[in-house]
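Taking it in order: structure first as structure tokens, then the write-up.
Labels A, B, C and D are assigned to the chains in the order they are written; within every chain, residues are numbered from 1.
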């Protein structure tokens, strides 16, 4: 893990809900891979807000790193930010991957945007499900090959059974108000439409608050089955949901 | 420089810089290794360890506060045996003393942990973390039990509640030093789950209360005090020294600004004072680009080699 | 609505909204009169009063902290006789109960203050401010002395240090309610003078600790608890009620955002719940322009007149 | 005392050290008089910084109030601020006032700028002494009738004895690092060059931190002679230095 100062060189607004910050960074940071994130802090230093924010890269371009942020936040070109990273592990795909399903449930699909590029380049078909408030995510900038599906608040969409059956691997990220509950709902969708949800198939992309980002604080600890635990900042963000001790289904 | 941070005796603890992380802040010594020059720290305090394994607390554990956070973990750890197995060689390789933090769950467990740690070369001292609502009598017994079962210095970390009485009790029991204070416990509403949760409170605003207690204790007991609680700048650390502390522990500021603990260690370790000209440019430009930093680190590790030879360890 | 905020008895204290300023926050009732609708407050707690006059502390008294401040005043006041002379008629004119805050300087002074206040119609209850390092025995004697010398309810404000023991002691001594807790004492460096000064710490980050104590106390004693310490929003106040408080005191947030205490009082007083539609637009647009506000105040004071007639005072 | 929300309509930079904010306010706020100030807080609300800042008006113009701020602070047109006020009493001048001396010792002369206009309109001669760091205050925007004198860090300037003898009334404001010590130094200058410093002649313009601004907190309490006290927020900012218990001269 390293810490650097980066400058916001340029800001692009996708729509009123999202913006991209183009950050001038060290060469090293171009190595970041989809699934990994950075812990950011705006300068000059104040202690409120206290915790660093998790910033998701969406692309790297020459010496620039582009991250996706809420359009409600106010940034200015020339602003300096402190970045710590990389946090977490790159997404790991199956060797036999053909069709991938990405689900963003009431939270932006930011963790997935960088992955899409690589997946398409490897001729993998990508379906992106935007459910509930995620539907305000603009998709015009996405490659046309991505199939975008809009789902309702309760993760219903037309042809859900087909989409689910067709996917070789699934990554799902959910709103933080009840991360475990929502992950559980996702789990149920897949267990209802398949005899058994296999290992290495359905991954939760967890986004807890990350006080340390490096395995020190246990703040991001996830309970796994058999009393085991996983640190999202070290082993995540993608954790195989078949290993997670999800709350009992209601 | 050499700082004796526990009471004098055949097993007192001497450090090069009176600055260390609070228990848990840098995990088991495997955290932020590329980010902080560990060699600059006076000592390394491990994450909390209990005799038996502990699993994490349920429910929301991190609550952002204004200029701070509330954190509740339940002190998950795999128990002292597994911890030693996993980290013994790492701790042996660290250039500074290693202080093993032991959660004072019961008298029996403290005794067993102390004996266990006594046999470990990788451990230079013990820090016993006393519970918030502990009675002075119990605290005295816990520390006495640890002291009887190890030759190594025993530090007692006390809560801010009832700090004066507790400090007297643990000093009587033979503690080598008092760590004052553990971050206070509090209750806050989780913004995510909407529920009230309890945990420890961290942030710059806890410093004034800890600082006052350290000043009080420094007049009341005659063993060294290690000041802790809300240090967020070099000046904060110096304030604790001014108020009577022999050393300091830095807590969650490290997660927000990792380099800070290194700067504090250099500052209080005397490096800043003895080499104001040019030697430590990153003191003044913290977080400059990697390339620049690497170059300076090279320069500096060359420069540091000399001083390292004169140090007691 | 009617809230009984002291133990039942012939002289218990009943308020319309369980919200009041902490001692000193609104001076002697002559502060922010144009800014806050005092009528919405459940009670008025006076600035601290001692038996004899006290002059201000020397040196720097205000230290800005991250999300907070440290304040040291020495509790200057002209003594109870002069205070009564100056403010008796103002307090008589206030529509809500007046709680006189008495600094517990000595047993003798507490006794004299209590007798003095007992004879004053303008005073509805007493709040005894106990020192931070007070022993439970002394606290019990102080409160007992006050209780013996007045028919009016006696509230005991306790520090957070040793809160549980102190709360039990003052409950045994006959306190009508416990105010938990006084803002903690701390030490900080004045940015202006560069010196370490001590004083009380205020700000949102002291809330979690106070909230936890209130929750603990609410299970341990059976007299009402008035929660205090770092309330900075309606939700903060509700958290204290959820944790077991019967009423709350709002502190320095009032100086930063004066209207806040009025909004909290309306909220916990039930006005917000019973009149969500249109009646209180300034709840949702705090601080809108004067003209607009005046118009709404007019509307509202018309509306409020009805409810006022049904209230116990 | 009232609280209102105001909008920053316009920002004028005097030089790199000072800027003027043009605030759209209620009609009422045009009544503010020299000596009075406002306690400001920028929105949206955060609790860090905590205390309100003391903002000095320099002019009112139609529905606009202009305040003077450090050029180092970053403001944007359209920003909303909360203002509480008025704090303190207007400056009180002698009926017989002819020549007034205003001293800013290592602190900007902001509390005086609004007064200058009125004084000149009443045909009173104004001398403004800028000492130490106050010398970076740009004076091009001041009316040409004001005599500006630049003094060194130790309040020496040419013709000091003359200036001092000539003034009918003096207002002095000083840096906050040692307000009492600096006020004392000012007092000594005047007591050295006059047999006796009369009452209602030499006023300190005090600028302590003001937690409440309204007489509640005692944070701004000033010790007067004979054990008396004054609250700067209520009776100030200008307090007759002949009544203040200044530290003993070294």
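The rule is short, and it goes like this: a contact is a pair of C-beta atoms (placed from the backbone, for glycine too) under 8 Å apart; a residue touches a chain by one contact, two chains touch by 3 or more.
What you see is a predicted model; the values in this text were computed from it and never measured.
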Exercise. Comparing B-D against A-B, which pair counts more contacting C-beta pairs?
Worked result: A-B
Problem set entry | Whole-Å separation of chain centres (CA-atom averages), chain B against chain C | 38
Exercise. What whole-Å value do you get for the distance between chain A and chain D if each is reduced to the mean of its CA atoms?
Worked result: 53
For this session: Report, in whole Å, the distance between the mean C-alpha point of chain B and the mean C-alpha point of chain D.
Result: 47
For this session: Check each residue of chain B and list the ones that touch at least two other chains.
Result: 65-68, 203-204, 232
Exercise. Which chain D residues reach two or more other chains?
Worked result: 46-48
For this session: Using the contact definition from the top, classify how the chains connect: line, ring, star, complete or other.
Result: complete
Exercise. Which residues, counting only chain B, touch chain A once they are in their complex?
Worked result: 24-27, 30-32, 34-35, 47, 55-56, 58, 61-62, 64-69, 71, 73, 76, 192-194, 203-204, 232, 252, 255-259, 287-291
Exercise. Okay, in this complex, where on chain D does chain B touch?
Worked result: 46-48
Problem set entry | Partner chain A, residues of chain C touching it in the complex | 66-67
Seminar exercise, completed: Per the touch rule, the chain D residues reaching chain C in their complex are 1-5, 26, 28, 41, 45-52, 82, 84, 176-179, 208-209, 211-221, 223, 227, 229
Problem set entry | Residues of chain B that touch chain C when the two form their complex | 65-68, 70, 160-162, 184-189, 196, 198, 201, 203-212, 215, 232, 235, 239, 242-243
